[in-house]
Structure formats: structure tokens, C-alpha cells
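Have a look at the structure below before the remarks.
Naming follows writing order (A, B, C, D, E, F, G and H), and every chain is counted from residue 1.
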Amino acid sequence: MNREEIKRLLEDIKNEKISLEEGISEIENLPYKDIGYALVDNHRELRVGYPEVIYCAGKTVEQVVGIVEYMLKKECNILATRADEKIYDAVLNLCSDAKYNKHGRIITIKRKEIDIPNSFIAVVTAGTSDIPVAEEAAATAEFFGNKVERIFDVGVAGIHRLFGKLEIIKNAKVVVVVAGMEGALASVVAGLIDKPVIAVPTSVGYGANFGGLSALLTMLNSCSSGVSVVNIDNGFGAGYLASMINKL
Amino acid sequence: MNREEIKRLLEDIKNEKISLEEGISEIENLPYKDIGYALVDNHRELRVGYPEVIYCAGKTVEQVVGIVEYMLKKECNILATRADEKIYDAVLNLCSDAKYNKHGRIITIKRKEIDIPNSFIAVVTAGTSDIPVAEEAAATAEFFGNKVERIFDVGVAGIHRLFGKLEIIKNAKVVVVVAGMEGALASVVAGLIDKPVIAVPTSVGYGANFGGLSALLTMLNSCSSGVSVVNIDNGFGAGYLASMINKL
Amino acid sequence: MNREEIKRLLEDIKNEKISLEEGISEIENLPYKDIGYALVDNHRELRVGYPEVIYCAGKTVEQVVGIVEYMLKKECNILATRADEKIYDAVLNLCSDAKYNKHGRIITIKRKEIDIPNSFIAVVTAGTSDIPVAEEAAATAEFFGNKVERIFDVGVAGIHRLFGKLEIIKNAKVVVVVAGMEGALASVVAGLIDKPVIAVPTSVGYGANFGGLSALLTMLNSCSSGVSVVNIDNGFGAGYLASMINKL
Amino acid sequence: MNREEIKRLLEDIKNEKISLEEGISEIENLPYKDIGYALVDNHRELRVGYPEVIYCAGKTVEQVVGIVEYMLKKECNILATRADEKIYDAVLNLCSDAKYNKHGRIITIKRKEIDIPNSFIAVVTAGTSDIPVAEEAAATAEFFGNKVERIFDVGVAGIHRLFGKLEIIKNAKVVVVVAGMEGALASVVAGLIDKPVIAVPTSVGYGANFGGLSALLTMLNSCSSGVSVVNIDNGFGAGYLASMINKL
Amino acid sequence: MNREEIKRLLEDIKNEKISLEEGISEIENLPYKDIGYALVDNHRELRVGYPEVIYCAGKTVEQVVGIVEYMLKKECNILATRADEKIYDAVLNLCSDAKYNKHGRIITIKRKEIDIPNSFIAVVTAGTSDIPVAEEAAATAEFFGNKVERIFDVGVAGIHRLFGKLEIIKNAKVVVVVAGMEGALASVVAGLIDKPVIAVPTSVGYGANFGGLSALLTMLNSCSSGVSVVNIDNGFGAGYLASMINKL
Amino acid sequence: MNREEIKRLLEDIKNEKISLEEGISEIENLPYKDIGYALVDNHRELRVGYPEVIYCAGKTVEQVVGIVEYMLKKECNILATRADEKIYDAVLNLCSDAKYNKHGRIITIKRKEIDIPNSFIAVVTAGTSDIPVAEEAAATAEFFGNKVERIFDVGVAGIHRLFGKLEIIKNAKVVVVVAGMEGALASVVAGLIDKPVIAVPTSVGYGANFGGLSALLTMLNSCSSGVSVVNIDNGFGAGYLASMINKL
Amino acid sequence: MNREEIKRLLEDIKNEKISLEEGISEIENLPYKDIGYALVDNHRELRVGYPEVIYCAGKTVEQVVGIVEYMLKKECNILATRADEKIYDAVLNLCSDAKYNKHGRIITIKRKEIDIPNSFIAVVTAGTSDIPVAEEAAATAEFFGNKVERIFDVGVAGIHRLFGKLEIIKNAKVVVVVAGMEGALASVVAGLIDKPVIAVPTSVGYGANFGGLSALLTMLNSCSSGVSVVNIDNGFGAGYLASMINKL
Amino acid sequence: MNREEIKRLLEDIKNEKISLEEGISEIENLPYKDIGYALVDNHRELRVGYPEVIYCAGKTVEQVVGIVEYMLKKECNILATRADEKIYDAVLNLCSDAKYNKHGRIITIKRKEIDIPNSFIAVVTAGTSDIPVAEEAAATAEFFGNKVERIFDVGVAGIHRLFGKLEIIKNAKVVVVVAGMEGALASVVAGLIDKPVIAVPTSVGYGANFGGLSALLTMLNSCSSGVSVVNIDNGFGAGYLASMINKL
């Protein structure tokens, strides 16, 4: 509620356009719905421009279904991440047009159209094993209304593969680079283009990758500028941020 | 045994109110029961104000049952934490009024009433996935004779939800804040109220949360004052300490 | 601003007790002072019960002096932590009755009296080398209006020293335990008393103490209940929280 | 060199517009200057849209001076980061209009004008001690041709200060959040606005902040979406990326 | 082969007591048996006073059986650690008098008597959950010919239990202290007795115990003298070393 | 494409030996095959002297089969690492002469002969449990055309076993040392021979081996010269590098 | 105070051999001296067989002097570790026969003779840079009345140097092995002898030795049995424990 | 001493070519010189092909001088690493033709010629700040008799610089890649050439580079084959190993 709105509200009270009780209620009526185990954030789309997203890990099937059920009533688009097939089956029961991106473990339900800008997001992976995280990023960005180019398996072990795809990458408005093991691809890409690079370290690898720590540190210490980093395996976060930038 | 008690004991011996042998035995008779794999601490309630608690993780079903069996004879209230359903079934066999909090994995058996103060404890979570740990805290505090308000899913991603619940939180005598991922909620709450905040980092999250390390460090480095921290996922410890403070 | 205050404010506007402009200003007039490099939180004492505290590390002498200068005008008590002697000299120039606790690196300026409860806080250390951190805790608690008992050098290498002081510790309302190296003292104390223990790990030690990590982990994993932990060497945080609990 | 350029080059060779030797040289003539201890990347501005930047840490004064000397001949704008006063003095000798941002440890030399977009970047800090890193970010962004709003000391310990500044922050095109200790501010800000947040953890704090690790992990695990992270204390990287996004 | 033996051998060759070929063979004939996937160290008992021990983790059942089979021929006592029941069944097939300590996961086969000193080893645990590691230590020490006193569940949460058992512990020649969580027991015991304490950190606990790291660091940083540490959960190593010291 | 090749290509274009389109295509025709989820690097053998290798971990059976299928058409030798039996079965379906090294989890398909140098590689392990990693190294080296000597179970607990095998090790051109736990063997071997030692830390062990970290750090800090290290459990990398050196 | 002593005391009171007040005082009269910043443990020698030791790090010169002064009155032998020259000078002022071991940073004052057993302790180092820690161990052991053999610079890079000294090492009753970098020496020595090995990791080295972590982990994971470990650079602890074992 | 040598020695003894005492002495006369604080390894060149090297860190000036003095008598070439100018001055006093590489902190003294192979070693750095470590590697390799090509500042932020130098790198027999920050260069180089790559992580960088850990992990997790890694900042180790490989 900004200054203008406060002013208008107070004037309305003063002018008795609305009752004192209504004024109090207006201020008290905070924009979320309490469903016991969750406070669904209805206000979110207004506030940050994106609808609430359901992070399924650590929630029971019943909890996810309950949240979806409530959101369906509000007729908003729904995105659920880290959803396994059991959750998808339960959601499907509730809503027959729910879609499931198996690689990216993402459920989407579409209720209203979103504008799609002409510019596109490039989602690039170092290897084939990084694809699930990349799919989470790509599917998230698509859900929020973006065109996405997928460019997979162009890691630095055979860097000529990257150069073969460089023109596409250069034309993107923002680039998501997904890489495990040593995660060097983000630095190399950022050194070759003039667009923001969102680096997603993955837990792909073994031994001294320490569950993705190696790629994470690589990306944080990038000697190329224009790189920022999200959590290990956080395809969703990268897709969300890429969408935000692509729509600027 | 404090100074007065020593004096009285020695006087009794001198005055032959009790025999020398009884005196020795009194001093020797240390307040625990040896049942082979455990020394049950009978004296605990006297010493620290709370009965012994059974931590089930790493114990066999037989061992837990043996300890419960012994404690039942002493007619004390019993609390067993980190108890899975197999353990509960075995305890139920022994004592048909044992209760089980499934989310919090806590078994309780009640044998005597406890005074409950008028003040209450607020147990607050950042997300829905933090509820199991919060339940462990809440159920522990209730077991020890406290009123508890549960306020779930008010994390900083939608901070207006917290403000909607702030009045309740402010009225608590002590607040338990349970949060995973980046664990920022503890700092935010502590910056808004004038009561002690017990912060419980949870292992909720993935990647660079390193099993709860991220939330743990966040809470330890809180720029708000009045925050102290217990172990990752240690709902029991937080509930116990909250009870201690609530009863001051 | 709580519900009652909103109601009163709106009624005042409606009843034209205050003008519309005054009403807007009231809401806008946020309770801090912008002095360029800092937003001094005037409102803090009202909100959390304690005045703003100046953390000197990382601030220039000029910045600290500027903040003190502003706060002096408000006639509030002032506490500055992690202050070296250079800062103290500069503050002394400004205000001749500023006091300096050299061990605890704390500057205090007193402008109004505070009520002191009858109960006291025990500040306990494992060794002599832990005294600076303990002094930070004790001086902080005293500044906020508490009686403090200092019990130094009772670490577990000679545990009979602890037992010699146990009666005093048991009579405290809350106990701060300060320990470096293996930090075992917090568990031992908490196992012997029925009061909250605030554990402060210190960086005292060398090698595999990893700058206080060893004592920190020890305290977080305490098998005794009733222990919570603050940051390594965070005497201030412990003293502040102890004061909060002592005043409940 | 893209497809069109290759085609044109080959046609020119075929048509003997340019000699075979010239063609070879064209391909060989790679766009950097070898000055012994450094290969200055002349081509960088063309390739990634920004001139080469000099990272002074670990370079001798002579090496920095040598690189500046060469770049001055090319008449490009020059930015040197992590520069201490000794380096600045040496650069000043070479070029009397070199400017020095003391807090941000940045040297700038301006030789050509850059377009400045109407939108602006907000640089926000949690505390006063975070200002040096914030200045590095702000000065970097200004060097690359951006308007910057500085909003300092609005950390979550007194969150009302943040709300007092929220309107400015909301109007920025991209927000840089600089925070040490627990680094919670990034999540809180990102939960309140609909713009990309670039989070910069700082090494401000002590003990279990482990040189900035606590804030880093906090930011990587943000439960708010739209946050990405750069290296600890990497104000330059944040300013560079913010500029890139602000100019999209 | 020491100086005296070399001298004798050379004299024998010189005096033609033994042939040149025999001399060469004597030197070449190294004291191990190559069975393909293992070089069984026959010479070990001679060299370090203890027979070779089979560490089963990471070996296939076939490999363990093969090694046991070979050792049986040599009529030596056999100890296999970290053996699951599948391995035990296979060994039992081979040798019907093989014994299995289920808690300690240890298989023993006895072929010759060992002298047992009068002094004894105390194996002490902090909790019931530490018993498996303690059993590994106790069973190892017994295998090598030692008397062992088991004192379980005397952790610092109820330190009077330790004092109740202190007389037994004091009479041991060497004490093994097994503790998880914060592992404080080792320091406390070492502060009370004048015998070597071998501390075994266990992985018992959760969260910030980081798989036993907390207890490990506690024990390494012990402020009590006379404590040394073996690997996390390394009951075998402690039992072996305790035997070595007990037999001095 | 080196200088000579560029020259020749340009001359051919100039002399109209090849058409302009062919010239463009030549340059464009980058040496990899896009099969959707992977860009198979055909060019690799030419560039780095070794054919592409398939790392199976994190790939679906279908993806591995697809890559093998494509490579079979190119008639090249195929090596697939970290392959479980399910993958092997699928590959066997495709190609009946695929071989499987069960210990080393390696699939090999041979289509053309490779020269084998006279010199050999020694693959040495500290224990029996290190054999799987050693087999991965040995099988990799053999696949690339090398003679390998396997010397297993010569760890420092019985160092005379190493001396018994030292002559063989000394005669190798390069030595791979595979060791878990404390990984001391690499230093000891390197101190005794004059050939490069490639050290492979393994995750064999428990507790404070932290998944191979102990052996990794040991090997990186070797006081013996001539040692370099590959990732934990990276038998493939060691075998590959050993082959490279053996063929110099 | 053991059972017998309690009995005697109680009998004495009963028989009025001692007065009631004397009895109380006897029990109250705890065996330490409170000198403000330290509780000097007079009782220590009785309890654990060794006099109190002064750890100087983190203590002011005044504090160390105060403790020494008090102990001098008790006529006991005094050992102060981690003492720099400034502390030594101050102690020398107090007591002209104080000795200083500069390498080991140890001050000793001798007031009464101690029995020295015939057996000896071997203190072995891997390199020359490990000597200061080894000296701390050796000087500590000598202070407590032991013969010590110093064997320096026999690390595994040139293992024949170790074999040259092996006979001496084998004759020791207990061996202290001091090593930095990869710390492999402890395992190698323990594999060759039948005596307890106390391993002291040192911080000697750089990079991935992480301040001694590499040697620490090596030693904890020793594949040789009979090894236990003390803190990084803890020569004192090793010397103390070695003395304890040597005197068994 | 190999089989043949043993045979010959024994025959000589048998045939009385040498006396019994001489035979014993031959075996006893181990190939090192004991100078108190160091056992100089004379035998090293014979055994591993390279003379002993003096690691100066942690040694006193006197100790280094003493070792040099002894080695000068043996007329061998001398290499001292990590030598500061104070050490160099002291060595220069002893031997006026000692050379000092200031960047690489290396002292060399040449007494006999070494064969230099025709092939060369490439030493490549990512940035200018990595030069000191690279110089240590290059100077070491040159000392041992190798031609070295230095290629500095070709990091991935401007990867075209690498391509400009690729032909030289490809012609080397072995390549040393020195890189700090994210250390990606090693992977990129190894993906482009068919020679062994020795990767040296440096501590260049700040924040989440954790003293070189980021580059170390990057290099260990390289997705390119043919890479092995030495310790952080270990230029010496890389130069030594490169020499070993270059001379195969």
C-alpha cells in the first residue's frame, strides 16, 4: 500500500465514503490465505510480478494437493517444483490438464495466458548428465512466458562444440549455464558474450566435487565478469531469474 | 547434596539417629539405576527440574522398551524423541495410553499433572517443510506443561505473512523460530520483538544448504540481538529450553 | 503501530482532531534517523526493549563518533562493542564520562537509570584465556541493568573447581558459559542445574580448534538439555540475551 | 568472426581484393597485445561490450602502471579495482586526471563518453561496515555509465528502516544487496520487489561467519526467487552485472 | 633382520655353512603370501606383536573367505572387523568354531592361547547408542588377551553417574572413552584420573555433529592432558592400542 | 585447423579447386555430431589423440545406448566408464562383442588395433578394497593400448610387501598408486623411484576419511616429489593420463 | 575422597576425634586456590599424577607471572607452555633458575626430583621444520622425568633414513611421531614396530595442508594399528601422554 | 641395492675379496648424512634421479646455510625453494655464484652440467598474478635441465588469447597450467591438446576462493582427461614432475 493509496483510504474514511470498520479491515486484511500448514501468498503476483510457486520437497502429498486445490479456485497458473510422480498423480486427479515435465520434475497448470517477449533465453549445459537441472530451468522460464533455446553438452572438454553453438547463445537476452564437475563452462561463455550469465552448479560428478561444491566455487570465482550464481541444482531459481531479466 | 544436608547428615550420625552404615549408604546410594545398557537418571527431575528423556535414535527397540518399562515403575511422565512407528508399537504394547505425535516423532506417557503457566511459547516456521521439527519443539514444550501457539509458513519470501501474525508472536514469553534454507526468519523476528528467540536451523533445502549448515550459520551470525541457536533439526532442544524460560 | 493505535489515529482524522496531512505524516514518519552512512534506529528501545548498540568493527573512527554524537542528543544510554582504544579516545573527547572496559573492548555512556532485578546472571569461563569474551558478556549485561557473578577458570580439566562454585551458579536465573578448546563446560554445567545455559564458544586454542569451530560444534551437540549457543566470541550477544531472560 | 565475415573474407581473397598473405594475417592477427607479463585484451569491448578491467591484487605497481600506460594509448576508459593508494599515486603520475574512490579502492580514467540509461541501479547495504564493498559496486556501475542510488544500513535488525526506503528500491531496474554477517537482507528485499536482486555477501562479521561463508550460503539458499549471488566482497562483479542488466 | 642376524648370515655364507643360493633366497624370501587380491602379512605378529587383522568393509565375501582360509592353515588366531552377518555365515561354513560379536560386528577364531595380564582396560561410553563402537573396542581387546571392564551410559548430561563408576575407571591401566554428540566425556574422565585415555569419537548424533566431526574436534582439543584420539567409530583401533598399552 | 591447413584451404578457394560454398562448409562443418542430448565429439581422437569416452553416471540407459549406437557407425573403439550391469546388458544387445570389466565397471568395444609400446604401467594399490578403482585405471590403460602390471595390497601397514614388489614398480615407465584411508603409499613409492607417480585417492575407509578427503589431502601434500593427483576414485583419469605418459 | 576415607572421616566425627565444624570444613575445603583470574589446581598432582601446567597463549604476562608466583610458594615443579620470550623474561625476574627451551617455547622450574624410568621415549620427526613441535614434546617429557631420544628428519621422501634409525625407535617404550605436510610417517613407523605411536600432526606445509588438517586426517585414518592422535602442533600433549605411558 | 648387487657382495665376502667387517659396513653405511637437525639424503640422485632439494619454509637461516654448506662439499647442484632474501644473502656469503629468482623465490647453485632434451615444457598462466608460482615451476624445470616456454595471462575471460598461443602449447611435451580464482584454464587446455597437463591451483583471488580451494577443486574435477593436480601454489612440484616427464 503506497502513499497515494494511504491518502485515498484516509480521505474515504474522513468523507465517510467507507465506514471506520471497513477502513480497519482494509488495513488488517492481509493478502494471504491461511490453510493451516501453509499461508498461501495470494498477493505475490501483485508484489513481485510472479504467482506463488510450490516447492514440493519436504511436503506431504496431502499438503501439496491442498495448496493446489486452493490455488485452482483463484484461477491462477500453478507451478510445482521438485515433484515426484506420486505427487503428479495426485494433482492429476484434481485437475486433468496438469502437465508433468519428467526430467525437470515440474508440474504446470495453465489458467491464463501470459505475454511472451520476442527475445529468448539460452539454457546451456556442459554435459548430458546436467540435463535434468537444465530442464527445470527451461520449463520454469517457459511457464512464466519466455522462449527458450536449449543447447546441451557443450562442455570445455571439447570446446569447439561451444563455438559451433556460439551464435545462438550470443543472440539470447540472458544465458543460463548449467554445469557440474569443474563447472568451467560459465566462465568461458561469459568471456565470449555481452549478456548476463546465470550460472547453475550441478551435483553431477563424484569424489572431490563434494556434491556440487566444486562447480559452485568455480562459478563464484569466475574471472569473467557478468556471471552470477544460484544454488547447486537450482534450475528453478535460474529459470525464474532469467525470466525476470528477459522481461525487463 | 548441599551444605545444610551434609551438616544434618553428619549430626544425625553423631547423634546416632542413623547408623554409620546408613550414613555410608546414603552417600554411596547414587541416584541412577543401572539396567546394563543404560544408567537411568532417576535424580534428574530433582537436579535439573525435568525428568529424564529417551533419545531413541541409535537404540534398539528392546533398549527403548527396557528403559520405558523401568521408568513406568517410577510413575514418572515419559518422553521419547526420534521414535519411529516400530518403537511406538512396542511401547504401546507396554502401556496402552502412550500417545504418538507422528510429525514430531515423539512418544509421551503421562502419569502426573504439571502446572501450566499463563504465558505461552510461540513456535514459528518459515515454511511448510519445517513443520516436523516445529512439531517436535511444540510437543516437547506441551509435554513439560506449557501453552504453545503454532504459527507456520511465515518465511521472508512473503514477509507480510509474518506481519499478519506479529501480534501473537509479540505476546509470547519466548519464541522458537524454525527455518531451513537460508534461515533468515530468526533475525527478522528478533529485530521486531523484545523476547528471547530460540533459533532452530533445519536441514530443509538442498545443494549449498549442506544439510542445514546454511541456516545454522545464518542464525549464529544474526545481526539482531536476543537470538541463540540449537543444533540442526533439534526441535526437542528448543522446546525444552523454551519451557525452561517460559517457567522462569 | 498496533490495532488500537490505528483505530485511534483514524478516529482522530475522522473527527478532525488532527489534519489529513498530519495523519499522513504520522504514518510516513518512520522511526530512524538517516545520517548518511547509518540509519540510527531511534525506535529500537520501544520496539525490542533495548537501545541501539554500536558494533565498531569495520566502522571508521569518524563513523562511530558521528553515531555517538547523534545518540548523545537523544539522551539515551550508549553501548559500543568491539571498540579499540583509538575509538575510545575519540569518544572520550566527545563525552568525558564515557567508560571503557578494556578486556571486553566495550565503551559505555550512561544517561538514565535502569531498574536492576534482584536475580543475577552467572558468567562462567573454562579458562583464564576466555576472560575477554566473558568480560564482554558481563559488561553488556551490567550495562542493561543486571547483577552479574563472574566465575572464571572452572574448566573440566579440574572439574572439582566447578563443583566448588556450583552453589553460586545454581542460584543464578540464567548462566552464560564461555569456553574455548573443546568447550565441554557448557554440557557439564547444563547437566547440573535447572536454568537456561547460554553457551559462548571462544576461539581460544589452536590447531584443530579451527578458530572456535570445535567449541561451537561441541556446544551445538550438547547432550545436556537447556543449552543454546551464540556465535564464536560473541560475548555481547550472550550478555544481551541473558539480560533479556533475567528480566522476564 | 561470424559466418558473414568469413564469407566476405573468402570472397575478397578469391577476387584478389586482398592478397593471400593479408588473408592469413587477418585470421592470425588476434585481438590482444602481448606486454610480457600480460596479454591486454583490446578486443574485449567489441566482444562483451565492456573494456578490459585491471584487477590490481597480486600485481606489482610496475605491472599495473605498464598496463595502464598501454591502454592510455588506445584512448579507452580505464577501470582498476582493488587498488591501494600506492598504486593510485603511480597511476596519477602517468595520468593526472585519474580519479580514486578510496572506500571502493577503485581508480577510474575517463577518455570517452558513455550513454547513460534513464533507469537506475539501487545499491543497498545491511550495515555501515558493508559500505566499502557497496562503493566498489556503485563506482563500477557509474564507470560503465549508470545512475546509482545508494541506500545504506537498512539491515533486518531494524527492518522498518528498509520499509522506509522501499519505494526507491522498487523503482530501480536492478538491485544490488550487500550484506555480511547472516546476509538475510537479500532474501527479504527479493521477497518484496519484482526486479532482479544481485546479492553480494561480505566478510563483515567474525567467528562463525568464516570470512563471509555465512552470508554466502544464506544468499545461495534464498527462499525468495530472483536472487543470484557473486563472490564474497565482490562489489566489482555485482556492479558490472548490474550495469549489464540495467542496459538491456 | 638386525645387525646380529646379518653378521651371522654372512658368516654362515663365508664358512659355507649355507650355500650362496640359500643366502640369496633367505634375503629374498619376504614374509608375506600373495593370494592375488591380497598379500597376507605372515610376518606381522613377529614384527609388531599382533597377528594380521582382516578389515572386511569393501572386500567381497569371497575375498574375506579366501584370506581366512589361508590364515587357518597357519594356525593363527583370526580377527575380522566390520563383518556383516553374510560374511560371518560364509566364515562359519569354513570353520565351525568362529564366533560373532553382533554389536561389534567382529568375527574371532581362536587357535592358540594368549597370556592375559592382571591389569584391565576400562571401556566407557557416554550413551547407550555408543555401545556398538564400544563393543568393537572391547571385543578387540579381549581377542588380543586382555581383561575388559564395560562401563556404559555415563555421559556428562548426568555426570553423577560417572562419579558412581569412577573407582572402577581409576583402577584400569588404560581407559577407552567412546562418545558421540559433543564427546565431552573424554576430557572429563581424563581430568579425573592418572591413566592414558584413548578417545573414540562416534558418529552418534545428527545435524551439526557432521557424522562425528563434532566429537572428533572436541576430543582433539581436550583441555585435559593424557588424551589421544583415534578415527570416528574406530573401536577396533582403540581396542588394539589399549591392548598394546595394557601389555607394556 | 593449423596455419598450414588454413593456407592450403585458402589457396584451394583462390585457385577454384574447391567452390566458395565448399570452403564455407569446411569451416562450418564442426567436428561433432548433435544427437539431441549429446554432441558426440568425433574430432576428439584427432585433437587430443584419444577417442571420446562415455561417462555413464547420470545418463539414462537410453542415452548411453544412443551414443554407443552412433559411435559404432564410425567404427571407432568405444570405452564406457561407471557403467552398471543394466547398461552393459543394453549395450550387449546392440553389440555382441562388448566386454565388461565388472570390478572396474568399464565396457569396452574394440574395432581397430592400437600400437602397444614396450614400456609398461604399474598400477599399485594399498589394500584389497582399493581394487575396483585400480581396475578402472588398469582397464582404461589397456583399452588405450598399454601393458599394465597390477601390484595389489602393498600398503604401508606392512611396508615390506612394497619392498618385495619394488623391482617391478621401478621398471615401469609411469606408476599409478591407488590408496584410501590415509593414502600414504603414494609418498612412499615416489620417494623410492625415479618415475612419475599418478596418485588416486579412494573413498575406502570411514569416519574422518570424509569420503576420500583424507587420502586426497595426503597425496596433494606429498613431501616426495614427482607425485600428482587426480580426483577421488578417478581410476579412469589415472589410467588415461598414464597411457598418455607411457606413449610419449 | 574414596569410600575408605569417607568411612574414616565419619567415624572420627562420631567418635568426636574431630569436631563437627572440622568435618564440614574438610569436605568443603576444595583443593584449588582462587587467584581471581585463575583457580590454580593444587590437587592435580594427587589426582592425575602430574602438577598443573600453565598454557600461556591468551594469558597476559601479568596473569602468567601471578600463577607462577603462587605455585612457587607451593614448592612444586612448574611447566609453562607456548611461552614467548617476553613471558620468560618476566618469569626469570621472579625466579632466576627458570629455564627456557626456545624452540619448544617452554619454561621449566625445578623444585623437587622426579624418578626417571629406565625405558625411554623416542621423538621422531619427518622434517627439520617439524622440530619446534618435537622439542615441545621432548622437553615436556623430560620435565616429567623421562629419558628421550630425538630422531629428526626421517620422513618418507627418503625412507632409508628411517630404516637407518629403526633400531633405536624399536627399543623405545613409546614413540612420538611428529609430521606435517602429508604426515605419512606415523603410519609407516607404526607398521614397523610393536609399541604405541602417538602421532602429532603439524601445521608445516602450505596450500591444501589447510593449517595441519592434511596431516591430522592422515594420522586419524592410519591403516597401521597402534596409532592415536593429538591436536595439530600439540607437542605438549604428546609429551605428557608419552610420559604417562612410559611410566606405566 | 638390487639382487645382482646383493649377489656380488655376498660372493665377494665368500671369496674373501672383502673382509667380513667391510661387508657389514657396506650394508650399514646408509646413504645419508646426519647433521643434527637434518639427515641430508646423498643417495637421492641415485635413487630417484634428482638431487635433494631444500624446502626453506620453517627452517632457520642457520639450518638452511648448514645444509647448503654440507652439500657444497659434495659438489652437487643445489636448489632451495621458498627462500626469502635473507636466506639468499646468507647463502651468497657462502657461495658467491648462487643465483636468486626473486619472483619464484628460488636459489640455485650449479656445479655440474646436465643434459637438456630437445623437447620443451610449456608453463602457462591464467593471469598476471599467477606469475610467481609459474616462475617457481619454470625455474625448477630449468634447474633440472629443461627448455621452458613461458606463456602468461591467457585465462578464459579472454579465451582468444589462449588460441593465439595454442600452437606453442601443442608443441610442448608436457604442459604446466597455473591458475587461481576458478582455475578453469587447465580443463580448457587439456581439452585442446594431446599432452599431459600438470595443473597448479594458486591462492590468487579472494572470498570464496578459500585460499586456493576453488581452483584446486576445479582442477581435480576436470571434465577433460589428461589432467593431474599438485598442491596449491606448488610451482616446484609441477616443475619437478614436468622435468621427469620431459626426460622420459
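In this text, contacts are C-beta pairs under 8 Å (C-beta built on N, C-alpha and C of every residue); 3 or more make two chains touch, one makes a residue touch a chain.
Keep in mind that this is a model prediction, so the values were computed, not measured.
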Which chains are in contact with both chain F and chain H? A, D, E, G
Do the two copies chain B and chain G share over half of their interface residue numbers, or under half; same or different? same
Remotest chain, chain C as reference, centres from CA atoms: F
Per the definition at the top, count C-beta pairs in contact and tell me whether B-D or A-F has more. B-D
From the mean C-alpha coordinate of chain A to that of chain D, what's the distance rounded to whole Å? 25
Mind checking the centre-to-centre distance between chain A and chain G? Centres are C-alpha means, answer in whole Å. 58
So which bits of chain A are touching at least two other chains? 3, 47, 127, 157-158, 190-192, 207-210, 213, 216, 220-222, 225, 231-232
According to the definition already given, which pairs of chains are in contact? A-B, A-C, A-D, A-F, A-H, B-C, B-D, B-E, B-G, C-D, C-E, C-G, D-F, D-H, E-F, E-G, E-H, F-G, F-H, G-H
Can you list the chain D residues touching chain H in their complex? 30-32, 36-39, 41, 43-44, 47, 52, 55, 57-59, 63, 201, 203, 211-213, 216, 231-234
Would you pull the chain E residues touching chain G in the complex into a rising list? 2-3, 47-50, 53, 167, 173, 190-196, 198, 216, 220-222, 225-232, 236-238, 240-241, 244-245, 248
Going by the contact rule set out above, which residues of chain C touch chain G in the complex? 127-131, 152-154, 157-158, 160-161, 163-164, 180, 204, 206-210
Which residues, counting only chain A, touch chain C once they are in their complex? 3, 6-7, 10-11, 13-14, 16, 20, 23-24, 27-28
Given the complex with chain H, which residues does chain A contribute to the contact? 126-127, 155-159, 181-184, 187-188, 190-192, 205, 207-210, 213-215, 217-225
